[in-house]
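In the two complexes that follow, subunit A is the common piece, with subunit B as its partner first and subunit C second.
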Partner chain A sequence: MSISLEQVSKHYGGSVAISDVSVEIADGELFVLLGPSGSGKSTLLRAIAGLTPIDRGRIVLHGRDVTHVSAREREVGFVFQNYALFRHMTVAENIEFALRARGVGAAARRARVNELLELVSLQGLGKRLPSELSGGQQQRVAVARALAHEPRVLLLDEPFGALDAKIRDELRRAIRDIQRTVGITTILVTHDQEEAFTMADRIGVMDRGRLQETDEPRVLYTRPRTRFAATFLGAANLLLGRIEGGGVRVGNTVFDTNPSERGGPPRHGEVTVLIRPEDIVLGRSELSAASAGELGYGTVRQIEFVGVLERVRLHVEPNEWLTSALAPGARFTIEATRNSRDAETTKLEVGQRVRIGAKHVHVLPTPISSLRLVGASEPDVERLASSSLVRELATRMHIAPVRHLSSSGIPPEALGGLAVVPFDRAGGFDGIARLLDEGARQVLGIADGHRRIERLVIYIQPTRAAREAALAAAGTLLRHLAVEGTLLVPAADRTVRGTSYRDLLDIRHAALRAHGVDVRTETFRGDVADAIGKRIHPSAPTLLLLGVSSPSSCYGLIEELGPRLAPRPPAATLIVRGNADADRDANTISYLRSASVLG
Partner chain B sequence: MIAAAQGVRADAANDAGSRVVRIALIGISLLFLTLILIVPVIAVLGHAFADGLDVYLAAITSPETLSAVRLTLTTAAIVVPINTVFGVAAAWAIAKFDFRGKHLLVTLIDLPFSVSPVIAGLVFVLLFGAQGRLGPWLDAHDISIVFAFPGIVLATLLVTFPYVARELIPVMQMQGREAEEAAISLGANGWTTFFRVTLPSIRWALLYGIILCNARAMGEFGAVAVVSGHIRGLTTTMPLHVEILYNEYDLTGAFAVASLLMLLALLTMIAKTTIEHYGLTRRRRLPHIPRGPKRNDPGISA
Partner chain C sequence: MSARAAAYRSRWVEPSILPGFNLTLGISVAFLTAIVLIPIAALVLKAGSMPLDELWRIATEPRALASYRLSFGASLIAATLNAVFGFIIAWSLVRYRFPGRRFVDAIIDLPFALPTAVSGIALATVFSPQGWIGRWLEPLGIQVAYSWVGVVVALTLIGLPFVVRSVQPALAEVDATLEDAAESLGAGRFMTFRRVILPTVAPALATGFTLALARAIGEYGSVIFIAGNLPMRTEITPLLIVIKLEQYDYLGAAALGLVMLSISFVLLLTINALNGWRAARALGRRR
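So, the complex of A and B:
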């Protein structure tokens, strides 16, 4: 591996800039860090170059641990957003700067400068001053200067940000060519998804200091694993679907889900479904593509002509089977793009009612598909809605919470997503247990809704089913909340039902690989309740995540923990129930072994 | 068309109005300058040469005057390099690093601007004088600071230390850290980075700061007057010498030395203008060089 980052973290004052980023980048790879501004991508790049010190973690370049090596000795080439050329030096002097610093002789320097000028197509401009060049030329000089000392890693920080569209396009191709010619491992930081798609071998999507997801551009676009990647990389229609007979039902159709898809094994109940606008098919009476499945009907609200494509926005009234994953139950918009031929054969007008279908749907493996607030009374539900944790999850995940009253029995759709109930201090885990009884897969009890959650403590019962579901939930929480995650694992000498150090490593590895999110692991000896109790400080509001394998084993754990945590309950408790069938399902076990497709 | 014509007429009226304002403003400035600056200069030169060239030459070649010139130049020669080094270091720290107490440091640098020079001088007398805290110890070791050359240097240092730093801070802040970071990531060490990257990019601001610092160091009166002790031919700088001669009713001598000081000021101004001119034409030739703050920043020459 050329570049290897292990749990790299960086704080500025109280705010998190980079949070537990781990990634490995292969020799000669062009890796693009993509994210909105403030997502920590530039900080991460500067950390790799040694320009910003990190608080925790390890940075390894070509097998050499450089975490504590100064920028001067890291042997990386860095290209700054504003080029940072030395204004008082000529182009040639700029390029040979690194060679001079290394005491290279004049003749060798001149030869190298000429070679580099040729590489970046600036022959004959060596004697100019940077201010006598265009922006694109200056950027080429910056690249040549960064390559002069033959570094093994090239880092580019938003290199095209200050250039106009046409030059940017040309320079992208030029830099891609140069990178291929030199074969240098490269990381490029950008907020422009088109740039990421056209240049990257692999893209790492960053948000809120975390590396949310890493994969090849095509895979990230067509089969993302996170809501963030799905919506950040292009337009996305996010709908709720329901697993039915090996497929997923969206609207009036049960779509096939490919079991080998890296989304993991099809789960039960409610899931989040992604349909890209180009996979939406519209028809006045019949759908134009025979292979498409019908979703339902909608009204055309807007038609935009964008050259080769036509973009159509439709309003859809939700029903039991067709509803948005952003605001379940509310009227929502579906976006479709059609090529000019489709637009020609099926002309549409604003206000027209049309049939909507989809060629293909992708099921996101994220476990939290909706937020269901369940309370006995309106004020109860209102309190849940105004709690800091629910608001944070709702804004970060772009989910509008749905309110349910439990006074006349718990409505079945409330069990689909993440059910949220008040944590009754007197009744302890009773409210949570009741929903688990009804069949909920994950229930969040909120004891203290006022303060922001700062820490996530995870304990998972040592069965594969529990681990699968709980790690998926933990991954989703860590991606969206600015919290530190700690996974509690029993120490090896007190082997608890077959868990050992090996398992500990496996768990971490599985968590990392499956969710791109790293957790810290802490071992404990003795009693689980003690270990958890010790890690719940009133000063740092904590979310306790308990992963259980089945409802029955859950009650055991609740009985054990309930009285012990009652005096000082965590600010919030999330119990995630595994799919009891998973333990018996040979396929699932092999999934878990390969640790690549945890759902 | 009508509207356009009216617009033109209105512009013409404005032009006429603005011309009156312009002439009035220039007139007031010139009158003010004449009264405040030119008349006194002429008066100084008039008095200096009132008794003829021989008396003037005798006045400026008297041993005491020569000693005052030597003292002033020596003081400036010590103070200016020290404050240049300090100013660059302080400006570097403030512009390129974030640290605790940064604002306090900026405020402290500005302090000599806001404190009366007499008080600055008194501080040293109180510290190092016979009745001062360190006085007895210095006395025991036969070290004289107050009423001696070291005191004059210290007082001048204190009064002139903001000039270089204040001139550099805005320039360095505007330039940011990227060029230095680039140099370091290219393998340059601290010295190379400073001499080959930082220094060339701040050279104009630095030169201007040095000139200002030098002008103040040679012309300082208040602080030096308090610590010098007015020992003739020993601890009198040129401004002090002027005062002594004047108080002794040696008007010709006083104005002769004053004219020397003026000559030094003039040389400084010429140096400043030359550098400014050179810097400006250079920048005009290179249109993409980021514009620094105006060289005549009023906040700096205050």
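So, the complex of A and C:
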């Protein structure tokens, strides 16, 4: 591996700039860090160059740990957005700066400068001053300068930001060519998804200091794993679907899901579905593409002509089967793009009611598809809605929470997404257990809604089913909350020495592979309740995530934990039930009551 | 093409969106004439009213020659000291945030505000053999007050703000990414300073140096209190001029004035030309 980052973190004062970023970049690869401004991508790049010190983690370049090595000794080339050329030096003097710093002789310097000028197609301009060159040429000089000392890593920080569209396009191709010619491992930072698509071998999507998702451009676009990647890489229609008989039902059609999809979609219940605008098919009475499945009807609100394409926005009234994943139950907009031929054959007008279909849907493997607030009374539900955790999840995941009253029985749709209940001290885990019992797969109990959650403590029962579901949930939480995650793994005494470490590595590897999010792992000996209790400090509001394999298997855990945590309960508790065990256990509540651990 | 458009193409008038070239040029010329040129012309005329050999004799008297040496020598030393220490002060004010920074920043301008006689007396008191600093220097054989060193000290004091205030904004403008770039290219601290930072602020530093030098050459008030004013040894040219005036030797005063004027003018012109050449290179306006 050329570049290897391990759990790199950086804080500025109280705010997180980079949070546990781990990634490996292969030799000669062009890796693009893509993210909105303030996502920490530039900070990460500067950290790799050694220009910004990191708080935690390890940076390895070509097998050499450079975490504590100064920038001048890291042998990287860095290209800045504003070029950062030395304006009082000629182009040639700029390019040979690194060679001068290394005491290279004049003849060798001149030869290398000429070679580099040719590489960036600026032959004969060596005697010019930077100010006599155009922006694009200046950036070429900056690239040549960064390559002069033959670094093994090239880092480009938004190198095209200050250029106009045509030059940018040309320079992108030029840099891509240069990178291939030299064969240098390269990281490019950008906020422009088109740039990322055209240049990258692989893209890492960053948001809020976390590397959200990493993959090849095509895979990221067609089969993203996270809501953020889905919406950041191009226009996206996010809808709620329901797993039904091996497929996913959206609107009036059960679509096939691709069984080989990465991360594995949840096997049952409510899921988030992505439909790209170009996969939407519109028709006045019949859908134009025979292979498309019907979703429902909508009203044309807006038609935009954008060159080769036509962009149509439709308003859709939601129903039980067709509703937005952004604001379930509210009227929503579907965006469609059509090529000029479709636009010609099926002319549409604003205000027209049309049939909407989809050629293809993609199920996001993310476990949290909606936020369902369940309370006995309206004030209860409102208290949940105003809790800091719900507000944070809602804004960061772009989900409008749905309010449900449990007084007249729990509505079945409330069990689909992430069910949120008050964690009242008298009832303890009662509310959570009741929903699990009804069939909910993940229930969040909120004890203290006032303070922001700062830490996430995860304990997972040692079964595969529990592990998968809980890690998926943990991954989603870590991606969207600015919290530190700690995964507790028992260091089993009975097993052979080393087994627990293999377990630990296994679980971290699983977390990394399936969810792209790294967590810190800590082993403990002895009692689970003790270990968890020790990690819940009143000073840092904690979210406790318990992964269980079935409702029945959580009895024991709750029985153990209940009394220990009662004096100082975590600010919130999330219990995630494994996917494999779908059987419901009607006795949960009665069992918990009789176990007298819930007060 | 209208006549006006043609006029803009002449080599005197740069086209600009702002009108009023004639007006502003007229005001500039009138103002400079009244304030600067006429008094200088009067000086030249006065000195010119005496025979040339007489002028030469007065200007090259041994006492006058000694005073030129002190005036220009001490001024150059003082301006150089200011360039070095003024740069360091500006650097620490721009680059670091430390308690009392604003206080230090305000102190820099004090030599501007203080009557020069006051600073001269204060310096003489402090550096006299019994003074707070002078008493520690005397055993080391260093005499500051009443020697040429005192002249340098006084000229350094009054010139400092010029350097600091010229360099400060230029340093603040230096893009931090330039230093990052130099570091990532493998440059050490000294190379980064010498080849990246210094050339970038050199024009401002040169301006500060020139201003400090010009001010030092013309300084009178503070020097006469600390210099001791011994003829041939610690007597500056401006003092010699005043002495001649007090003896009603107006012609002699005018002659010395003319010499000072000529040397200063040549000195400043040279520095400005050098600086202009460097600045043009640095900003890349070579053509």
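In this section, the second predicted complex is superposed on the first by the 569 of 599 C-alpha atoms of A that agree within 3 Å, B and C clash if a C-alpha of one lies under 4 Å from a C-alpha of the other, contacts with A are read in each partner's own complex, and residues count from 1 in each chain.
One rule holds in what follows: a residue touches a chain if its C-beta (ideal position, glycine included) is under 8 Å from a C-beta of that chain, and two chains touch if they have at least 3 such contacts.
Because the structure is a prediction, the values reported are computed rather than measured.
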Would you mind checking whether subunit B and subunit C clash or fit side by side on subunit A after the superposition? clash
Which partner chains sit in contact with A:182 here, subunit B, subunit C, both or neither? Use first/second/both/neither. neither
Between subunit B (first) and subunit C (second), which does A:529 come into contact with in this model arrangement: first, second, both, or neither? neither
Mind working out whether A:69 is in touch with subunit B, subunit C, both or neither, as first, second, both or neither? neither
Partner chain in contact with A:254 - subunit B first, subunit C second, else both or neither: neither
Looking at the overlay, what does A:101 touch: subunit B (first), subunit C (second), both, or neither? both
Could you look at A:400 and tell me whether it touches subunit B, subunit C, both or neither (first, second, both, neither)? neither
Name the residues of subunit A shared by its contacts with subunit B and its contacts with subunit C. 49-51, 70-74, 76-78, 80, 82, 84, 86-88, 97-98, 101-102, 129-132, 145-146, 148-149
Interface residues, subunit C side, partner subunit A - complex: 175, 177-178, 180-188, 191, 195-196, 199-200, 281-287
Quick one: which bits of subunit B touch subunit A in the complex? Just the residue numbers, please. 178-179, 181-189, 192, 196-197, 200-201, 286-290
Listed in rising order, the residues of subunit A that touch subunit B in the complex are 49-51, 70-78, 80, 82, 84-88, 97-98, 101-102, 129-132, 145-146, 148-149
Touching residues on subunit A, where the partner in the complex is subunit C: 46, 49-51, 70-74, 76-78, 80, 82, 84, 86-89, 97-98, 100-102, 129-132, 145-146, 148-149
